[in-house]
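The same chain A turns up in both complexes below, where it pairs with chain B and then with chain C.
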Partner chain A sequence: MNMQTTSRLTAAETALVEAFAAQIGEFPGDGAVIGTRDRLLDDLKKAGLPTRRIESWHYTDLKSLLRQVPDAAPVAAVDPVAALVDGSKIFSILQGFADPKASADGVEVTVFKNKLTDGSAAAELTAFGNDDAIGRINGSFVRDGFAISVPANTELEQALELQALHAGGQIHTRFPVSFGAASKATIIERHIAVTDGTALVSSISDIRLDDGAEVTWIIVQQQGAADTHLGQIRVKLGTQAKLRLFVVNAGGKLVRQELRIEVEGQGAELTLRGVNLLGGESHTDVTLMLGHNVPHTNSTEIIRNVVFDRANGVFQGMIRVAPDAQKTDAKMACNTLLLSDDGGFSVKPELEIFADDVICGHGATVADIDSNHLFYLMARGVPENKARAMLVNAFVAEIVEELEDEKLVEALEGIISSWLERHA
Partner chain B sequence: MLEIKNLHARIAEDGTEIIRGLNLTVKAGEIAAIMGPNGSGKSTLSYILSGREDYEVTEGDIFYNGESILELDPAERASKGIFLAFQYPVEIPGVATMQFLKVAMNEQRKARGEAELTTPDFIRRVKEAADKLKIDQAMLRRPLNVGFSGGEKKRAEILQMALLEPQLCVLDETDSGLDIDALKIVADGVNALKSPDRAVVVITHYQRLLDYIVPDSVHVLYKGQIIRSGDKSLALELEENGYADIIGEAA
Partner chain C sequence: MPAVQETIDQVRGIDIDQYKYGFETIIEVDKAPKGLSEEIIRFISAKKQEPDWMLEWRLDAYRRWLTMEEPTWARVDYPKIDFNDYYYYAAPKNVTGPASLEDVDPELLKVYEKLGIPLREQEILAGVTTPRVAVDAVFDSVSVVTTFKKELQKAGVIFMSISEAVREHPDLIKKYLGSVVPTSDNFYATLNAAVFTDGSFVFVPKGVRCPMELSTYFRINEKNTGQFERTLIIAEEGAYVSYLEGCTAPQRDENQLHAAVVELVALDDAEIKYSTVQNWYPGDAQGKGGIYNFVTKRGDCRGHRSKISWTQVETGSAITWKYPSCILRGDDSRGEFYSIAVSNGHQQIDSGTKMIHLGKNTSSRIISKGISAGQSNNTYRGQVSVHRKADNARNFTNCDSLLIGDKCGAHTVPYIDVKNPAAKIEHEATTSKISDDQKFYVMQRGIPEEEAVALIVNGFVKDVIQQLPMEFAVEAQKLISISLEGSVG
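Up next is the complex of A and B:
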C-alpha cells in the first residue's frame, strides 16, 4: 500500500541530493552515523518525497507542494531574542547550531553535534519507513540540537526554552529530551524566522517521560511566509506519566507537524492541544499517530483552527488502542473556524480499536463565526471588525487558558492576537 | 424619542412578514409596556430596533431622536444610546466578562468622541453597579454569561445597561425565568435608571413585571400591529380577561 516508484527526481528532490553531496565531509558523525545518513538519504532518493498515494500524506502531497529547496547557507546573521516567558532558561539554536555554553541548574545538557561526532546518536537516527520522510530528511542532514536529561525527582522551577532562530537556508535540528521518574518541567520549543529569507527546516524532538514524570511541552512555530517546516515529535510515556503537549502553528508556507506518541505505561495521561492559525497561501498539516498500548491510560486531544485567505489545513488524528489496552479513555475534537470562502480544512479522525472495554470518541466541526455571538457584541456597541476579532480570539483562547500558568497564557495569547491583527 | 411609523418587516431568509404596519411613539422619560400573545412579533420588534440583520424592513421607518436609524448597524445604534436587554443572553466562551464590559464601554465612548475610561475608573464603576444588583465579583471573572443561571444572566444584562447608560432601553421579556426575588432586583435596577431624558420599552408577556416597573403607557401587539393602547389599567384588564376580548374587538 505504501509503495511508490519514482523514475525521475523533482527539483526539490534533486536539490536535497545535491545539498547532501555538497556537505559530505562537513556533516558531524562517526562511521556509524555517516553510514546511517547515507542509508536514509538513499531511501529518500529511492522512494522520493511522499505523494498523496502514501496514505498518511494523502492531504499533503509533499512531492508536489515542496517545489524548491533553498541553499543550505543562511541569508543573514541571527541573534537570540527575548524569552517567551520571562525568566525561562534559553537554549539557543542559531541557524541550526546549538550554543555549547547553554546550561541550566539540575539538568544535563550536551549539544547534539557531540553525540553525532562520538556516534552515540547513531541509533536515534531512525525513520518509520516510507511514511517517514521527515525522519529520513532529518536523519540525513541533522547537524546539531540539544540532548537534555532532567534527572529523576527534579522539579525545574523555570521553563527551558529551546529557541531555534534562522534567517533562511537549511536548518536540521534534533532534540532528544528525557525526563526522569517523578521529575517536573516545562519546555518551550520555538521555531522563528527572523528574516523573510526562504528556509527548509526539519526538526525532531524525541521526548521520553519516565514513570510519574509531569511535563508541559509547548511548541510555537512562527516560520516565515516562504518557509517549509517539517516537525516531528516522538513521545514515549511511562507509567503514571503526564504530558501536556501544546502546539501553536502561526507561520510557514508549508508546514507538517507530526506527533508520534506511544503511551506505554499504565495510568499515563496525554493532553494534546493545538492551535492552527492559517493565512495567505499556506498549507499546514498536523498529523497525530497515537498509540494507547497498555491498559488504563487517558488522552484528550483538542485542535482549534482558524482559516483565512487561501490557506489550507489538515488534521489527521489516528488513535490506535492495542488489544490488551482495556479501560483506555480517549477523546478527540477538531474545531475549525473557516473565515474565507477560498480557504479549506480537511479533518481525518481514525480510531483503530482492538480492545473491547474502552471509551473512545471523536468529533469535528467546521463553522463560521456564530451570528448570535456577533449580534450580541455589536448590540453593545462593539464595531463589527472588532467584534469578529474578539470572537476569533475567544475561539482559540478557550484552550490556551487551560494552561493555567498565567505568564504562559499571556505570552501565547500575545502571539495569537498579534497574528490575528496581521491577518484579519 | 422613539417614533415607529407604519413599520413593515419580514424575516430576511424566508420573507415571512412579522411586523405589519406598526405605529408607536415613546417620549423621553416614558416607560412603555408592549404586551401581546405568543407570536405577535414582540421579540422581532426588539431585534428590529437594535438592528439585527436577520430582519428586513420593507416599509415605514423608525425615528430615534428625530433621525431614521434604519441604515445604522447594531453597533452604531448602541453607540447612539439604544440598548436591548436580551430575552436569551448568549454565552460566549473565551470572552472574559470584564474584558467585554471594558471594550463595550470604551468603544461606545470612542464612537461618541469621549475619552476612554482608565482602568481604575472602569473597575470602580463596575464594582458599584454590580453591588447594587447583588452580582458577585466571582461571576464577573467568568467568561461572558458562561455557566450563569437564568437569573444571573438577566442581572448581567441590567448591569450592562447600567454601565452603558443608554437613552432608550428595550427590555425583551426580562422577567422570563426569574423568581420573585430576582425579579425585584432586576426591576429595582431598571427603576434606578428612570430619568426624564431616558425612555424604557418593556416587552412582556405577563402583567407581573409591571407591578414592579410601573408603565406610563401600555400597548397591545397582535399580528404585527399595535391594536390597542392605554395606561397601566390596560395591563390589569389583560391580566383579568386575557387577550381574547381585545383581539376579538380588533378583528
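Up next is the complex of A and C:
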C-alpha cells in the first residue's frame, strides 16, 4: 500500500509530466540538452515534488500546495512596460520568450534559446540534488532567457532591466549573467503579471562575479494573485567581489525564492536585503543557502516581512562556514510584522559553523506593531490607521533606503507603498 | 578566587582519557537475555509485578515501535544500532528495600561517595544544618534506596520508583502516564514505553510546597544494558517541586544505549523546576565508546499560571539527542529552558527545546550556551511555536555558541512559527571563539592560558549556572572545566 501512495503522482505532478510529453518536439536543444531535460524530468517524476519531509522544504510542502499547473504559455500579445528606473536598458522576455533584438553597449548578449539549440547550455542545466525541485523543473522546461556577459573592467552607466512579463500559462526562463573582473553594473530583474491568467513561472538566474566585480542585483516579483513563482538565484562570488542583492516580493499566490550563494573568493562581500509583502491567501517562502567557503569574507542579510490577511510567510536562512573559512563575518536578521489574526510566519535561521575564528550571528523577531510607537504618533494627532500605515512603511522603507541610488529607492518605495495601500 | 582555583586544580588533574567516574562496581546482577521481543517485555512486566493493563500498555507500544523508523534528521552520526544486541533488564540482586542509607549495600555507598553526590556535598558545605535532599537512587534500573520518604509523606508528597507507583497508585499512573509523551510520540519514546524498567514518580498534592529538593542519581553500571527510565512528576494546583537529576557512568568500550522519557504535569498555579547534570562517559580521545543518549523530556503546563523550568548541563555522552520541551497550554503559563552543552573529543550533541504556546499570555524564555572543543559537533535545535489562539504570547531566545579549536563545529537551527499577531517573539544567536583580546586581558594579569580560558568559559555560562540549585552549580562548574580539559593550546 505504501508503494502505491509514494509512486502515485499528484494532479500537479501529472500535469507537469504531461506538459513535458506534449512539448517534447518543440523544446529547443541539441542531443545533450534533450538528454539532460529527460534526466531531470525523470528525477522529478521519481522523487515527486518536495514535501515537508525534505528539510529545506519544511515549511513549503510543494506537493500539497501546488494544486494545479496551467498549460504551456499561450501566445499573447504583450507589450513591454516602462522601465522601473528611467534610462535603464530593457531586455524584455514576453511570455517566456526573449527579445532577440535586445542589446546594450559594452555587453555581450545572447538569447538563451540559442545556447540551448547549440548545446552550449547543456552543462548549466543542473539540479543541486534531491531538494532542488526548482532546478529540475526549470532544467526540464526552460525555453529561453538571456545569457549576458559584462566584460572585465567595464562599468555600465545604465541599469539593465530584465523584464519578464507574464500573461498566464507555464513560463520557464533562465538568466546566466557573468560579470568580468573589476566590472560594475546594476541589474533589475522583474517578474510582472500583465493579465489575470494563472501562471506557473520558474526562473533561474545564474550569477557569477569575477574578482573585484561590484554588482547590484534587484529582483522585483509582482506576479498575479493566482500565480506560482519558483525562483532560484545561483551566485558565485570571486575574490574581492561585492554583490548587493535586493529581493522584493509583492505578488504571487505560491512563491518560493531560493538564494543559493557560494562565497568563493577571499575578501568577497555579500549584502542581501529582502522585503516580503504578503497578503491575500498567499504563501511566500524565501530560502537562503549561503556558503562562506574561504577565509576573510563578509555577509549581512536583513529580511523584513509584512503579513496581512490569510497570508503565510517563511524565511529560512542557512549560513554555512566551511572548515577553513576563518575570519568569516556573517550577520543575519529577519524581522516580521504580523498584522493579521489569520496570517502566520515561520522563520528558520540556521548557522552551520566549522571554523572557530568567526563572528556569526542571527536574530529573528515576529510581532505586531509596537503599541508604544503607535501611541506616540496617535498622541500627536495622527489617526490610528494612518499611524499604522506610517509605521509599516517605515519598517520596510528603512531597508530600501540602503540602496542609496535615489531613483531606484523612489521606484521601489513606489511599488511598496502602492502595494500597502491596496492591502492595509 | 578560591572557586576559580578549585576549578583549575580539577582541570589540571584530569585528562579526557581519565574519565573521573570511570570505575566499575562489582555487584551481582540479575538480567534478562539480550534482545527485544514480546517475551522480554512480558518478562520485564512480570519481574516488576505489574498489573495486566500495564503489560498491555507496554505491548501496545512495542507493536507500534516495530512499525516506526529511527529518526535521521538530527545532526548526529553513529553506526546503526542493533536493538537486539542490548540487555533490556538488569537489576542489582539484593534489593530488599533498605529503609535508610545505613542499610544500603556498602558497595553502593562507596559509589555514591566516589560520585560526590549533592547529599554529601551539602553536608560538607558549611553553615547548612540538616541536609534536606532526598535521593531516590537508580542503580542500574531499579530504585535501591529512598530516603526521607517519611518526611515527604508527612507533607503528602509521593516520591517513589515508578514501578512501585504502578502497583500502589494505579489511578494516578493511569491518568498521567503517557499523557504528555504519548506512547506513539517518537521512535525512542515508544521504545521506552515498551521496555522502561524504572525511574521516579513524584506527586505533589494541591497547595503543597515540596519541603526539600528531590534528587535522583541515574547510573548505568552493567555492561551493555540499555537504560530506559521513565520519570513522571505531577504538581497539583498551587504545588511546587524542584527535582534534580544527575548522571555519571563507568568507562566502557561498547556503546551504550539510553532512551529515557520524562513527563511533567503542572496544574493551575503549580511550578516544577527540573535540573539535570549529565556526565555520562563521552568516549575516549579517539571517539571510541561512549553513551548514546536519546531522551524525550516534555513538560505540560496544563493549568493556568503554571510554570515549568528546565535547566540542563550536558557534558557527557558520545551522542546526545535531547529536547526538553514545554507545552504552554494554560493561560498565563510560563516555560523556561536553560542549557549548557559542552562537547569535546568526538562528542556529538543535538539538543534544544520546544516551546509550544497554546494558551493566552503565555511566555517562554530560552537561554542556551553551547561550547564545542576538540573535534566535536554541537547543535542547538529549538522550536518556538505560537498557535492561533495564543494571544500575547511572548518568547525570548538567546543561543550563543563558543568554539574552542578549529576542528569542531557549532550549529544553530531554530524553528519559529507564529500564527498570532499579538505574539512577540525574539530570537538571537551568536557564534564566536574566545577573542584574543579577552584572553590577553586575563593572561596579562599573570593567569596561564588554560586557566584564562576556564575563567572566560565560566563567565560565558554564568546565566545558566545561576539557575541551578546551589549544590548542582558547584558540581556543574567543575564538570565543565573537566570536560574542556585538553582543548586549549
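By our rule, the second predicted complex is superposed on the first by the 417 of 424 C-alpha atoms of A that agree within 3 Å, B and C clash if a C-alpha of one lies under 4 Å from a C-alpha of the other, contacts with A are read in each partner's own complex, and residues count from 1 in each chain.
Following the convention adopted for this analysis, a contact is a pair of C-beta atoms (placed from the backbone, for glycine too) under 8 Å apart; a residue touches a chain by one contact, two chains touch by 3 or more.
As the structure is a prediction and not an experimental result, all values here were calculated from the model.
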Chain C versus chain B, contacts on chain A by residue: C
Partner chain in contact with A:Pro100 - chain B first, chain C second, else both or neither: neither
Partner chain in contact with A:Gly87 - chain B first, chain C second, else both or neither: neither
First, second, both or neither for A:Tyr376, with chain B first and chain C second: first
Touching partner for A:Ala387 - first (chain B), second (chain C), both, neither: first
Which of chain B and chain C A:Gly35 touches, first, second, both or neither: neither
Partner chain(s) touched by A:Gly363 [first = chain B, second = chain C, both, neither]: second
First, second, both or neither for A:Ser340, with chain B first and chain C second: second
Residue ranges of chain C in contact with chain A within the complex: 73, 386, 388, 401, 403-433
Complex interface listing, chain B residues touching chain A: 50-54, 73-75, 77-79, 83-84, 86, 89-90, 92-95, 100, 103-104, 107-108, 111, 143, 160, 164
Touching residues (chain side chain A, partner chain C) in the complex: 55, 58-59, 307, 323, 326, 336, 338-341, 343-368
Contact set on chain A toward chain B in their complex: 370-373, 375-384, 386-387, 390-391, 393-398, 401
